[in-house]
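Before anything else, here is the set of structures, which you'll find just below.
In what follows, chain A forms one complex with chain B and a second complex with chain C.
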Partner chain A sequence: MKKIILISIVCSFLLVGCWDERLFKDITIVPLIAYDGKQGSWTGYFTHAVVAKPDSISFSTIQGSGVSIEDTRLDANRKTGELLDPSQVLVVLLTTEAAKTNPIETFDIAYRMPRTRLSGRLVVVEGDLAQYHKKTENMGKELPDYYEANLKTAELDSVIPDINIQSAARLLLDEGIDLQLPYMKMSEATGTPGVEGVALFSDKVFSGHTLNAKESTIIQILKKKPGKSAMFTYKWKKEDKDYPVTVTQNKVKKKWVITGNSIHATYKMKFSVNEFAFDHLDKERSRKELEDFLSKELTKDFNDVVKKLQEAKSDPVGFGRTVRAFHPQLWKKGKWQDTFAELEINVKVEAEITRTGILN
Partner chain B sequence: MDDVKSNDSLILYIQNLFHDSADLIVRKISWKDGDGIVCFLSTMTESSEVNKQIEILRLRSIAELPNWAGTATSSVEAFSVPKLIKTVTNGFVAIFFPATNLLLTITIPSFEVRSTTEPNNEIVIRGAHEGFVESIDKNISLIRKHLLISDLVVKDVKLGEDTNTKVTYVFIESIADKDVVNEVKSRLENIDRTKIYSIGQIEDYLEDSLWSPFPQFLNTERPDRAVANLLEGKIVLFTDQSPSALIAPVNFFSFYETPDDFNGRVIVSSFFRMLRIFSFVIAVFLPAYYIAVVGFHSEVLPYDLSMKVKTAVEFIPYRPIVEALIVELFIEVIREATIRLPAPIGPTIGIVGGLVIGDAIVNAGLVSNLMVVVVAMTAISSFVVPSVEMNTTIRIIRFPFMLAATLFGFFGIAIGTIILFIHLMNRSSLSQPYLSPVVPFDPSRFKNIFFRIPYFKNHKQQQTFTHGTGRRKRRGRN
Partner chain C sequence: MNFNLSRNQFFLILFVVQSGSSFFSFPSPFVNAAGRDAWLVFIVAGALHYMLLLFYERNYKNFKIGPFVGWLYKIYWLFLTIVYMAYIDYTLAVWGFPETPQIIVIAVLVTVSLYANLSRAETVINLSVMLIPLIFVFVIFLQFAWKDLVWTNLFPFGESTGAEWAKGFLKAQIAFIGSELYVFFRKHVDSKQKIKGRPLFFYQILWFTFFFFSVLIVILYYTPRGLERLPEPLLFLLKAQEVTFVERLDLFFLYIWTVWTIITIVIISFAALYVHRLHFNEHQKRDTIIWHIFLVLLPLFFLSKGFVEKLNDVIIYLYLVFGLFIPLIVILMNRRKQK
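Right after this comes the complex of A and B.
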């Protein structure tokens, strides 16, 4: 009797546990997902890995529709061999229409289930989704790798912010700051998608306004969160000749003066000169001249960007956070996005050249 | 004539005692007052030396020295048959004087003793290249050579009625913990078995918990290792005719120290010490981790790596545990076979087994190449530990972990790790805690696990592992 009990205990160990087993060879990796639709009716495009023969991997895209994004996956699952597993997702594409639904509600499953890869990127794309799943010759890599590499480069160049699925939720839940997501567009010349700038969110949903690459870079500097490098190029006129000047931002100091109905922001920026064919930067006078020029141009551009933000009623810079913390009477005026749009915001940029390259 | 007759019958009687062994030599010699009977085993005694010794003793007896029989190699006592047998079987020369009923014993044994070569299973790069041999006297002398102090105590216990094996324990009186010495003594005396011939048997009797996979005695054939341990207050046990010494009380981390550490430079030795601890983790957990990842938690893989793993596992017909067992058992079989193989063909079989079959098994699609990488890394890591017993232990305990991983994934590994640590914490070596500098925590010695501390730093003399309060003492107090 004792022996039978012992054997059944040992055997029971062999039975338990298997219910949460998911053999890796029975699931398929989905590194790229695209969603279109609105609340209640979604279409999902799942780009998943197909291993047809040993040591060779290819990707194919499958479409599914349903009432939620999880429902689209279940629908698409019925059309694939192996289980679609979004736990390795690199990039999630959203159409401009899909972005008009609060992502927190859309991606409830992602935040709720422990398997989701929260470091995947969220991207808003322009136009029809079908064109974003075509691999072209000039991509060089597989489709998901191309998106990841493209976004990574844009992030290093300060065009897009370092925002993933996880930090998107943090920004969406914060009333003092708005979400900005990378915005991608099909290039008409090459037929490949590329980063255009950022898509601005206003009060948890896409505002419909987007910024181009230069404007997006300015946002990252306004936030004081640039990537590895942030570069600006301007045309400098001298003696009826155009000299392009490219500068890299080295250091930035910001100062915000917030009063009852206005914000005066001063940005002291230090630049290194990458390109300046006119030269003579070793002379105090020409350097001063260039600094003044840059200050003027940048101030103009920065103010233009802030105007656009106010138009979009979107505050991705996070002025609202400071206002909320130190200026409650301004914060309590109403919804921050509305207050922000009405505020008088002046940005002043003071440029300083600290490095001139090895020429002088 | 009576005398002659009785002496002849005595010779016959002694020959009968040894069942007419061919190597038994029983001769009559004439002595000062009456004949004596010389008796010894020619295979264990140097015959020409016997003549010399007898001549010296004869001269001494003729000179009528008061204690003529007592020299450095000889002694005299009253005759009895068991004494005679013991003397002869030990390889001594017995001379019996029927007239005075005395037994003269001359100690000139000559056994074939291997020269002190470096042990094959504990090779060091820097340090002494001598090893223990199959003679207890030589082994003790190898230790005494290092420790020229009177504090070095050598104690004998005779075990086994049939084999009469001499078990010797050595310790340094001023350093060794008295309780531990008494513990060894009482445990040795409590062994009641008629046949004791190997150190492994002694280990069975002395171990605190026999059914633990972890060895509680450090087995070494290196005198320098034994001496270093003696100086830490440990006890070294020998049996005659065995080149291995048992060292106790040891803790888990003792098995990860090698004489190379103490002969090498500080930074280098510290690095390798950390590497060895790390290799323990690899050897025990890596296959289990891989099985858990492939079977349960593929989401922990970074994207790029996951694609590689995916292509590797896609066409494998078996579940990960079966796949792992195939390769693990295969490697264990190769290892076991190469021990038995004669030296000239050993490496050949290793290459055929490891490379040819390993490559073929992957090409045939029976196991994935990643599994071969994992298991090979594990196998190599398990051989990093400088102790043979710990090595075998590590190779065994990875199997329960693999089973736990295949049943419950990471959760199973976590549960297994908890059980492993609870087990280790509860173990003891001669009643001293096994996981010592960690549990009970001793910060001053804790860093010794990972670093080889420079010699000029003041070391606290280590006596026991528990700040002077042994386990038993604490039990008694509670």
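Right after this comes the complex of A and C.
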């Protein structure tokens, strides 16, 4: 008896799952998707793999329309010989109009269906979507790989945050912080899409405001979540000559003092110098002069960025999280985005040169 | 039925049954009910759990049941295993096997319990050991979410209302379910091994740390509004982690959870058949098979979202009756009889 049961257990384990197998011959992987439209009227562009001959994969884009993003896939399905499978998606492009809908509602299917890969990235793009699906020679890669590599590089350079479909949802559901998504634009010079900066969200929808690469890098530092490297370049005037100075941020310490209706944020940043043709950094005086210069420039830039955030009523830094936790009176004043826009926020950057490279 | 347990086997059985099915399902209803102070509520609930264990330890010798109470416990455990079976099968269908006939999945799970319960008692007792490395793996992989945790989510504290504290205490009972096995199996522990004092406190710390960790990580990872949408937040958290060696980490842990649940069902079935044999010692094999036929057939009636939710709510109240009220009555009555 026991032997029969044991054999049945072993055999039945082999059976389970047979019903749920998905064969690659029946489906086609969609690594790149783009959406345009608004609530109730969507157009989806699905870039899927086409295996014309063994060892050769190319990508083709097919369009579908419908009342939801899933409906666009079903529509596009009817135009292909295989089932479009977005579960392995790497990048999802959204037009600025599409980004003005609440992504939690728009992408409900992505969060609800267990097969969706939540590590895919959401990107806001400017202009017509069709141009973002053209592969050019300058890309040097297949379209989905090009976008993924481009975004990864921008993330390493601290231009964009490390945000995927899952973390976007966490930020959208957090009242104390706003979402920022990578923002891409077509380059007029090369005809290829490139990362421009970040698109700012305010209370779950795209605010219409974007930041350039430098401003976006400042956001990542304000958040204290820069990528592998964060670099700043300024022109340093000395003896009627401009010397470009490029520094890499090594360490950052932040301190926020929140009193009444104001926030005083101090960032102590340590830098290493990458480029400084004026030299003489072995001298204390020169270093001090450069540190003062960087502190002044960075303080100005940081404050300008904060003002832009307030204009956009967007708090991607997460001041609201600290306010919610420790300053309930300020938090309860009203919707955080409105309160944030009215606050008096001063940022002070204290720069310190700790490394000068292998030259003085 | 005669069997002996070492102290470690006893605590391991208890731990597996208490954490088995509820571990993934516990944080969401608990934190949603208790509000932002959920972590404080669980500290107090943890203290109550220790008091319950101390009560069991002090009085287990007086817990002697007749056939009627025995039948009540058998029905309770049958209900409990049906709920666990329906829940794991529903979860497997939603997360991993939407097309596989649910009866096949249930039959496979139940066959393991049938095999174990037809074997010697040692098979059931030692089955839990295989979970020890899996539990460590599970805790280690949860650390991947470390960089995404938001420590300010713990504050401000003191915001939960009295009603939220009360609801939180009630939902915290999910983590207590299974503790009633203490009064049944305690007398089988090797009398040379001490339970009272430090060993019992150590078990309490282990239980508390495990569940408190799950509560804490869920509070730090999710916002209250995000958590409202997720019935299995830990599984979702694992789904969101990107690793190089497996496409879906959540499925890997869903299988671990399934094994965890199967072993819980094996132990609860063992407890039910043990109580049955206290009063009806004939036809052991036949009764074991009948019990497992029930386990295959009855969950099939409760495989929808609505039933799973309702049944998970009901077991909390049943636990209060069978984990607290009946042991209290039985112990008090036996103590009075002795006097």
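In this section, the second predicted complex is superposed on the first by the 341 of 360 C-alpha atoms of A that agree within 3 Å, B and C clash if a C-alpha of one lies under 4 Å from a C-alpha of the other, contacts with A are read in each partner's own complex, and residues count from 1 in each chain.
In the analysis below, contacts are C-beta pairs under 8 Å (C-beta built on N, C-alpha and C of every residue); 3 or more make two chains touch, one makes a residue touch a chain.
Everything quoted here is computed from the prediction, not taken from an experiment.
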Touched partner set for A:I29, first chain B, second chain C, both or neither: first
Greater residue coverage of chain A in the superposed arrangement, chain B or chain C: C
Which of chain B and chain C A:D55 touches, first, second, both or neither: first
Contacts of A:I258 with chain B and chain C, given as first, second, both or neither: neither
Partner chain in contact with A:L90 - chain B first, chain C second, else both or neither: first
Which of chain B and chain C A:R324 touches, first, second, both or neither: second
Partner chain in contact with A:A149 - chain B first, chain C second, else both or neither: neither
Chain B versus chain C as contact partner of A:S167, first or second or both or neither: second
Touching partner for A:A341 - first (chain B), second (chain C), both, neither: neither
Residues of chain A at both interfaces, chain B in one complex, chain C in the other: 13, 16-18, 20, 117
Parts of chain A lying in touch with chain C, wherever the complex brings them together: 1-2, 5-6, 8-9, 12-13, 15-20, 111, 114, 117-119, 164, 166-167, 169-170, 173-176, 321-322, 324-326, 328
Partner chain A, residues of chain B touching it in the complex: 293-296, 298-299, 301, 303, 306-307, 309-311, 313-316, 319-320, 365, 407-409, 412
Chain A residues touching chain B - in the complex, by the definition given at the top: 13-14, 16-18, 20-25, 27, 29, 31, 49, 51, 54-57, 85, 87-88, 90, 115, 117, 148
In the complex, chain C residues that touch chain A: 94-101, 104-105, 107-108, 111-112, 114-115, 118-119, 148, 150, 152-156, 221-223, 225-226, 229, 239-240, 242, 247-248, 250, 285
